[in-house]
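In the two complexes that follow, chain A is the common piece, with chain B as its partner first and chain C second.
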Partner chain A sequence: MLALLPYSAPIFGWLFPELPRPLYTRASFLDLAVSHAALVGMASLVVITLGIGIGIFVTRPIGRDFAGPVDTLAAIGQTFPPTAVLALAVPAVGYGSAPTIIALIAYGLLPVIGATIAGLTAIPRAPIEAADGIGLSPQGRLLKVELPLAAPIILAGVRTSVILNIGTATIGSTVGALTLGSPIIEGLSGSNPAYVIQGALLVGLFAVATDLWFDELEQVL
Partner chain B sequence: MTSESGLSVISPPQAAAPQLRSGAGRSNPLLVLIVGGIAAAAMSLGFVSVAPNRILSGKPVALWSAVDPGVTALLVALIVGLGVSAVLRFGVWRDRFTAIIAAMTLLTTITAAGQAASLVAQASGPIARTSLGPAFWIIAAGSGFALADAMARLTRNMFVQMVVVAIVGGAIALLAASGALSDLSLAREFANRREAYGSELLRHLVLVGGALAGALPIGSLLGYVAFRRPKWRKALFAILNLIQTVPSIAIFGLLIGPLSALSAWLPLLRTLGIGGIGAAPAIIALTLYGLLPVARGVFTGLASTPPSVLDAARGMGFDERQILWRVSIPLALPILVTSLRLVVVQLTGLAVVAALIGAGGLGAFIFQGLGQTATDLILLGALSAIALALAADLLLRSLAAAVTTGASA
Partner chain C sequence: MIVLDRLTKRYGNAVSVDQLSLTVPTGTICALVGASGGGKTTTLRLINRLIEADEGRVLIDGTDAASLAPVALRRRIGYVIQSVGLFPHWNVARNIATVPDLLGWKRDRIDRRIDELLDLVGLDPASYRHRRPHELSGGQQQRVGVARALAADPDLLLMDEPFGALDPVTRDGLQAALLDIQARTGKTIVIVTHDIDEAIRLASLVAVLDGGKLIQHGSPHDLLARPANAFVEAFVGGPRRGLRLLQVTRVRERADFSEPIGGTPIDADVTLDIALERMVTTGAHRLPVYDRAADRRGTLVLAAIASPDGRQT
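Up next is the complex of A and B:
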């Protein structure tokens, strides 16, 4: 799709004969896709490390006091509209990709933290006692028993977070980030439906492909 | 969740309150962290930021130079009070004390910001703008969170939590109505758009309501079909999941083409106001989004009826229809209300994006503000959208609690 779209000018010219420039040319679709994926990828890296880290911390004895509040915070935070979070990052750091990354991290963390806590607390007593019985240290028990058992639930949380962030990153182009949303936003403000469709098709495919990839990953686990 | 039962001192109003986690006899490390953060922010960051006009960026002004010394002293005393309550060790009373001090801190901070703005307006005239600074946000968010946490420790009763939210929200509204805050830049943006605000808020509710009117019946039907026809279940949920995967703005965009073509062919649609841009495609897209959570909720709810109950109902001579309406649905009510809450909150958030395709709603202020680099207009839209989503969440949580107690009584 990414490879074919640059040659699709005649098709869009035929579909929308009244438009002088039927194909988005401000930036190449490849650049847009790479920039979009980089934003989501960078944010997801931080989200996964930090989110799983926080989830592990609050389920250990040392961080147990924080479990309830973190849970409350995650529940409250998830009711915030993603666009509002994105918009609130602009006064703090200005326009460009910075507010987008901040919003992606802030918003993406919540499902990962929630899933990590849910996954780690849903483990039955038996395997944990067995791990203690064979003399595993707390770290060993966490790495060899608890995390592998919680992995499917944590992965589901990561999946929710990444898919959500692909969508939020699309809206990031309203605050100046270069993403696949750029043609959509520009098309909407300049009444160029061809741009909108090109952007929408690509970002839709990107999200669906990522989702399918997570499907495969879940099968492997 | 930790539940230490050193807490039988208060009788929880609800029988089902196993999750209270007031650690009696222990200090509160979270509160220590919050108070530390608040104190550091108040000392090092600007409490408000003052700009010569609406567009220029402002200069940060510290708390003690922004407001009267008395107000600064009161705020400092309250923050110290929060710090003291963090290291107290009397379980329930500690949490009650924390809740009261946190609520007072929140209200005092907001009053202080209003006073700072009034002082600026007196000194440099009405064009100067006073915006809320990072220290304000950190104090407000910290005390708000301390309040929420203390309430969560004290009670799981949704109604009590609702009443507390209503009291604090009402006090803020009273402050705003009294004119104490009206010199803040945020309030000026609102005052300049009082009429537009009302109509965009209404528009937002219409978008969400319109989408619910479509998603609830269709989604319920699909959920029922998934429950009755196991063969279709997988394909049905795969398709609905696919719709949820595609980013909202892409769905909005993809609907523009077909809808504008349709309205070009059928002039009747155009006279009804249905076209590629505006409320109609937004409501259609939001309806599509709402289908999955509704269908999944209905399916999960119906599937959760225990087989023994179904057997008993059949034994009593109920037919399938009676079982559905008089057994399965009443039993599924808590799950149904929970999925209603998820749908309403999700749609309230997604409706913000609808402003991009000319459908209006609170998102209009956000995107206008982004376009004009008018920070406080962005804030007006974003805070309103957040408040709306939180209000919907809280209301439907209370409804779920009412349904759950009703069902178990």
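Up next is the complex of A and C:
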């Protein structure tokens, strides 16, 4: 699709005959896609590490007191509109990729934290008790028993978060990040529906492809 | 040796284990019995410090368990949990290998040990080694749980209703295996059971718990002959108590060695139920007895079987 879209000018010209330039050409679709993927990838890396880490922390004896506050905070992160996060982040870190990544992190954290907590607390008591009873250390129990048993649920949370952020990343283009949202934003402000369709098509495909990849990952696990 | 010294555990206002004092000498099997909720599991969990006592101490070979690192302590103590608790994401072999792995055993030693233990608990290694727990029946899972607890050959074994889900024949086989291991290795074993016959067969010390308190402890014979109260009496068998008493009393204790009679003798070390069975099936009122240890001969009469307990020759 990425390869074919640059040659699709005649199709969009035919669909939207009134438009002088029916194909988005400000940047190549490949550049947009790579930059989009890099933003989501970087944000996801942070989200996964931080989210699973926080999820583990609040389910340990030392972190149990933080479970409530963390839950609230993560929920706020998600209900906060991403555009508002952008608006707040720009004065602090300037335009470009940085505020976008911050917004994606804030937005993507909740599903991962939630899934990690859910996964770790859903493990049946018997294997946990057995692990303690026969002498696994707390770290050994976490790594060898708890995380493997919670992995499917945690992975589902990561999947939700990544897919969500593939869509959310498009708004990064409003603050100057290069994403597949750029044609959409420009199309909206310049009344060019062809650009909007081109951007949306690629974002959708990207999300679907990623989702399929997670499917395969789940099969492997 | 395990010494429980005025051990107490409370949950809120409820006392789960109440001033429990009990000594289990090295190399003996102690059965904890009693009604559901009596504090048996809690007692085991206090011994390996899965939970900490509110009062009292546990001494293991003279060392206060509270002074030992819990993780190291638990690796030394085999533990069969009541709900089995196999690791569902590992196959049978890896489940059994858990503690040897932690202790850093060599691969081939672990593999040999796995096969040995599967044989011991009556599961064919070739067909069971690679199964996941969900591919096993409840009784098979329980047997793997026992194998896992025995894996690193611990001196001390805590078993929480280890044979509860087994058919009588398999259970019988595993009880025999456990007695055999115990006789060979001199392990100290604390076993929780609801089955008084299992307690009688396996244990030399039976402790009856109710409401967290130790109601009575002693040899199976003590409990059957002199139950401390109605609870113990009901527990050790009510109307079947006399029959069970026969199972724990040896012919030697009731035979008269002053006047031997002829015929094929019965061993003085067998229990009275076997002697009685022979009387009933052969219609004899008296049996010749041979005491191998003292190389003497004697007679067991039917009336002596029913004689008041404790009469010794």
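In this text, the second predicted complex is superposed on the first by the 220 of 221 C-alpha atoms of A that agree within 3 Å, B and C clash if a C-alpha of one lies under 4 Å from a C-alpha of the other, contacts with A are read in each partner's own complex, and residues count from 1 in each chain.
The criterion applied here is as follows: a contact is a pair of C-beta atoms (placed from the backbone, for glycine too) under 8 Å apart; a residue touches a chain by one contact, two chains touch by 3 or more.
None of the values given here were measured: they were computed from a predicted structure.
A.B. asks: So, on chain A, is it clash or fit between chain B and chain C?
C.D. replies: fit
A.B. asks: Could you tell me if A:Gly140 is touching chain B, chain C, both of them or neither one (first, second, both, neither)?
C.D. replies: Once the two structures are laid over each other on A, A:Gly140 reaches chain C alone.
A.B. asks: Give one of first, second, both or neither to describe whether A:Ala126 is in contact with chain B, with chain C, with both, or with none.
C.D. replies: A:Ala126 contacts chain C only, not chain B.
A.B. asks: Tell me which partner A:Ile163 touches in the superposition: chain B (first), chain C (second), both or neither.
C.D. replies: first
A.B. asks: State whether chain B or chain C is in contact with more residues of chain A in the superposed arrangement.
C.D. replies: Counting contacted residues of chain A, the larger count belongs to B.
A.B. asks: Under the stated touch criterion, which partner chain does A:Val90 make contact with: chain B (first), chain C (second), both, or neither?
C.D. replies: first
A.B. asks: Using the superposition on chain A described above, determine whether A:Asp211 touches chain B (first), chain C (second), both, or neither.
C.D. replies: First partner only, chain B.
A.B. asks: Applying the document's definition of touch, where does A:Ala118 land relative to chain B and chain C: first, second, both, or neither?
C.D. replies: A:Ala118: touches no partner chain.
A.B. asks: State whether A:Leu149 touches chain B only (first), chain C only (second), both chains, or neither.
C.D. replies: second
A.B. asks: How wide is the angle at the Cα centre of chain A, looking out to the Cα centres of chain B and chain C, in steps of 10 degrees?
C.D. replies: 90
A.B. asks: Upon superposition of the two complexes, what minimum C-alpha distance (Å) separates chain B from chain C?
C.D. replies: When the complexes share the chain A frame, the smallest chain B-chain C C-alpha distance is 8 Å.
A.B. asks: Please write out, lowest number first, the residues of chain A touched by both chain B and chain C across the two complexes.
C.D. replies: Comparing the two interfaces on chain A, one with chain B and one with chain C, no residues are shared.
A.B. asks: State the interface residues of chain B toward chain A in the complex, per the touch definition above.
C.D. replies: Spelled out, the residues of chain B in touch with chain A are 1-2, 21, 23, 26, 28-30, 134, 145, 148-149, 152-153, 241-242, 245-251, 253-254, 256-257, 260, 276, 345, 348-350, 352-353, 356-357, 363, 366-367, 369-370, 373, 375, 378-379, 381-383, 385-386, 389-390, 392-393.
A.B. asks: Would you pull the chain A residues touching chain C in the complex into a rising list?
C.D. replies: Residues 124-137, 140, 144-145, 148-149.
A.B. asks: So in the complex, the part of chain A that touches chain B is made up of which residues?
C.D. replies: Those in contact with chain B are residues 64-69, 71-73, 76, 79-85, 87-88, 90-92, 95, 121, 163, 166-168, 170-171, 174-175, 181, 184-185, 187-188, 193, 196-197, 199-201, 203-204, 207-208, 211.
A.B. asks: Across the complex, what residues on chain C touch chain A?
C.D. replies: Per the stated touch rule, the residues are 45, 48, 50, 71-79, 81, 83-89, 98-99, 102, 145, 148-149.
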